[in-house]
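Take a look at the structures below.
You will see subunit A twice below: alongside subunit B first, and alongside subunit C after that.
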Partner chain A sequence: MSQIEKLISVFSTSLGIPEAAVTDDLQYNSLPEWDSTAHMVLISELENQFDIMLDTDDIIDMSSVRVAKQILGKHNITFE
Partner chain B sequence: MNVDFKSQYLAGLETLMSQPIYQLPQMEKEALLFPVVESLHHLHRDRCEKYANITRQNHSNPRLLSELPYLAVRLFKQLELSSINKDDIFKVLSSSGTTSQTPAQVFLDKETSARQSKVLVKILQQHIGRQRLPMLIIDSPSVLKDKSKFNARGAGIQGMAFFGRDLTYALDENMQPNWPAIEQFHEKYANQPVLLFGFTFMVWLYFLEFIRNKGASLDFSQGTLLHSGGWKKLEDQKVDNQQFKLALYEATGIQSCFNFYGMAEQVGSIFVECSNGHLHTPVFADIIVRDPLSLASVEIGQLGLLQVISSLPSSYPGQSLLTEDLGTILGVDDCPCGQKGKYFSVHGRLPKTEVRGCSDTHQGAA
Partner chain C sequence: MFFSQLEKHQTNLAVVDQQESFTYSQLAKCCDDFYQHIRPSSSIQQKKLYVLKCGNDVGSLIAYLTVLRAGHSAIIINRHSSKNTLQHLVNTFEPEAIIDGKNWQYPDIDFPATTSGSLKIHTDLAILLSTSGSTGSAKHVALSYENLNQNAVSICQYLPIQIKDKTLCSLPMFYSYGLSVINSHLSKGACCVLTEASPMNREYWQILEDEKINSIAGVPYTYEILLRLRLTNKALPHLRYFTQAGGKLDKDKVLSLANYASEQDKQFFIMYGQTEATARMSYLNPANCLNKPNSIGRAIPGGQFSLVDEKGKKIDSAHNKGELVYSGANVMMGYVSLSRDLAFQKGKQENLLYTGDIGYFDEDGDFYITGRKSRFLKLFGNRVSLDRLEQMMLEQGVNVYACGNDQGLVLAVDKKSSDEVIEEQQLKSKLSKMLAIHHSAIHVMLLDELPINDNGKKDYQSVMQSFKTIGH
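And now, the complex of A and B:
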């Protein structure tokens, strides 16, 4: 599984939305499924699947799929 | 209206956000905070008719935070005070004041809600760092279950959850200690850095007392407890901050313990205790103490009603609120802990919460 496939799968399972809905522009709190509770599930799934530790700044900053990619980029996970 | 108060507000807030949280001397801080709170005042006058009516007789030319209009906090129980369109309401926070029948209602849009989380994180990072730790919540998971009733306790826990991993609840659905859950958490994380969070009286009644009566003791010597809420619910038991800390140490080994003060009507801008037990004002917020009768602001060391000022709420007019809590400014810029700005203590509630002119505003120059 490529990194981008993995990312889409994590978003899709954590938020309970179809993979097709996981686009760069998808934003936190833009759908009922991505609320603050689901956000914490998402964070811990990202940590498990990519074997990283996210801090509180990362959680607050992760406002969209696009930003999530940038934050994972800081952990040397790239999506190109 | 020619002036765009919203952009003025956001620009001022950005400047505040870039400042160190506890290092600005009071004068410098007020110079930055005043324009932000003033633009919030104008913004809410434009967007909330009730607020505009209440504050009609504004001080003509306010220059100080204490001269800007403020609302009695109880107004949020009596009126729906909102500065946003119905469509923009993201959540309505209702505070579950145990004694009062009507809960306060606080209208949040996404923007204000996100700002509250961000500032809460910025403030708490000063005390517990940026890393997330295994977290034991001294509360029941049921407080988060009913999403339709988004209450202040749930909101507090949710805000704090950003700091935790492997979130474990120490109480069960019936608010009884869940000893197996506590023991399991202890087995996994004893003698490691962990975070405990709860409301002061619940930590005392349902956690510390329980452990003591059980004759048990836990080893969270590398842990930190954050707890919020005053001591008024523990007054009959004559528990003060020092006794609390001692009991905490005996039951859990925790030496790092911070109380914080904050209003449900101003989520995010909280006042955290330092190593000297003094509550400190962060750059985003401030405290004024007023005489309960004259409502004039009082000197350092004098007891009075606490007025809380926050730079965060743009969706409801809650930037300056007169609380029903009594407190004292202990000093300005000179706490031995090194943090600048005002520091204060809270002494419980005004016995009979009859703040003068409850359906009116209060003018700073009074």
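And now, the complex of A and C:
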């Protein structure tokens, strides 16, 4: 599985939404499925799947799929 | 009582929110001004009931205190409650007015047409709080002025609240624990910093540092987030203590927090309570957090615990399980479901509360909860009545058994009960929306037949058994 496929799969399972709905523009709190509880599940899945440790600011800042990619980029995970 | 004696704390800072801050004298003046908006037009002095739509802001606090100071009663609800919920409340309790005090100088006040104006309300009745968040029933807990005051006074005796303290009030005001944080600090003359921000928001952490917050309060879910956001890596030098109630926090999380507290010279208070007891019934001595992380400790000052067996006989020996019974001046007046219940003609119940929780005490007299007699779950701090859920599903033509534990809801569905094909994922996301609970905490099993035990009763145990065997 490529990194981008992995990312989409994590978002899709954590938020309980179809993979097709996972676009760069998808934002925190923009749909009922991405609420604070789901955000915690998402963070924990990202940490497990990509084997990283996110800090307080990363977790709070992760307000969209696009930003998630940037934050994972800091951990040397790239999506191109 | 704390609400009638605000003036006595004079120039102490009383409340802060994003927009404004007031001393106790100013807060009292605001309440007097606010009263002009809600004062009944009739000259006859009659006790009224108001619905208060609340958020965590100064205006909501002013509205609440004003109603108490004037000797009226209030149903305290979430500002964002649905129109249906509100209409239901109006039909059921015939309130004088519905008030949103957010903009306290020009409050939003709605006088419903249906109010008869002849509501009989018991002189002691202060507030009504809902017993269930998501499954929406009319049943409310009725608390007296004395209940609110006694619990606040008792809390001040065991928590190290100081007069110069600032506490962060992030739990909702319409939730008994959130309200008790406010009441106890006003009772002491300390300061409430009100916010709608959760630990998930940058604002929450900003306020912690900027306002030099001395104490925080949270439910298990709050601490799960705080831990995940690495609370334990932060020194927060002003934070002296933090409290947890509203359900059982996992043992390993209790230990993480207890270790953090001991390393950073802070105190961690685990508490136990129910809305039926105004808010709080017990606390664990912070010195015992590390060696008794599963305990709820002992009754708060002025309260008393006992255990009774199935026959109602008192249990006197350690490690024997029974239903936890609490007595104290903070035990509610009773439940109300109709407007005529507000008169409490049968008088107040004795100060005894059968908690519905099953537990035991150890040789030191510290209590532990092991289960629950009645059928409801607490998921992410939301109370879900299993019987009510079954009924709601049945109304939609689906026969289900609802069971589970505080980690998740398990729903066994009778496949043949509906004409339509029931799809697991679809049902999950529907329930997730209906109960406002993350889908990961909802487990659905489609069965050909719902199991019945030898007594002809619903066999929840076998449902839980097969749920565990299919690998959860």
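Everything below uses one rule, namely that the second predicted complex is superposed on the first by the 80 of 80 C-alpha atoms of A that agree within 3 Å, B and C clash if a C-alpha of one lies under 4 Å from a C-alpha of the other, contacts with A are read in each partner's own complex, and residues count from 1 in each chain.
Quick note on the criterion: contacts are C-beta pairs under 8 Å (C-beta built on N, C-alpha and C of every residue); 3 or more make two chains touch, one makes a residue touch a chain.
Everything numeric here is computed off the predicted structure, so don't read it as measured data.
Undergrad: Now for A:Asp55: first (subunit B), second (subunit C), both, or neither, which partner does it touch?
TA: Both subunit B and subunit C are touched by A:Asp55.
Undergrad: Check the residue A:Asn76 against both partner chains and state whether it touches subunit B (first), subunit C (second), both, or neither.
TA: After superposing on A, A:Asn76 lies clear of both subunit B and subunit C.
Undergrad: With the two structures laid over each other on chain A, which partner does A:Ser2 touch: subunit B (first), subunit C (second), both, or neither?
TA: A:Ser2 sits against neither subunit B nor subunit C.
Undergrad: Which of the two partners, first being subunit B and second being subunit C, lies in contact with A:Ala38: first, second, both, or neither?
TA: In the superposition, A:Ala38 touches subunit C alone.
Undergrad: In the overlay, answer first, second, both or neither for which of subunit B and subunit C A:Gly16 touches.
TA: second
Undergrad: Show me the subunit A residues, by the header's touch rule, that subunit B contacts in one structure and subunit C contacts in the other.
TA: Shared contact residues on subunit A (touching subunit B in one complex, subunit C in the other): 36-37, 40, 44, 55-56, 59-60.
Undergrad: Please name which positions on subunit B make contact with subunit A in the complex.
TA: Going through subunit B, the ones touching subunit A are 90, 110, 113-114, 117-118, 121, 124-125, 130-132, 144, 158, 161-163, 165, 167.
Undergrad: Hey, which residues of subunit C end up touching subunit A in the complex?
TA: Touching subunit A from subunit C are residues 198, 200-202, 205, 221, 224-225, 228-230, 233-234, 380, 428-429, 432-433, 437-440.
Undergrad: Which subunit A residues qualify as touching subunit B in the complex?
TA: Residues 29, 36-37, 40, 44, 47, 53-57, 59-60, 63.
Undergrad: Residues of subunit A touching subunit C in their complex?
TA: Answer in residue numbers: 16, 32-33, 35-41, 43-44, 55-56, 59-60.
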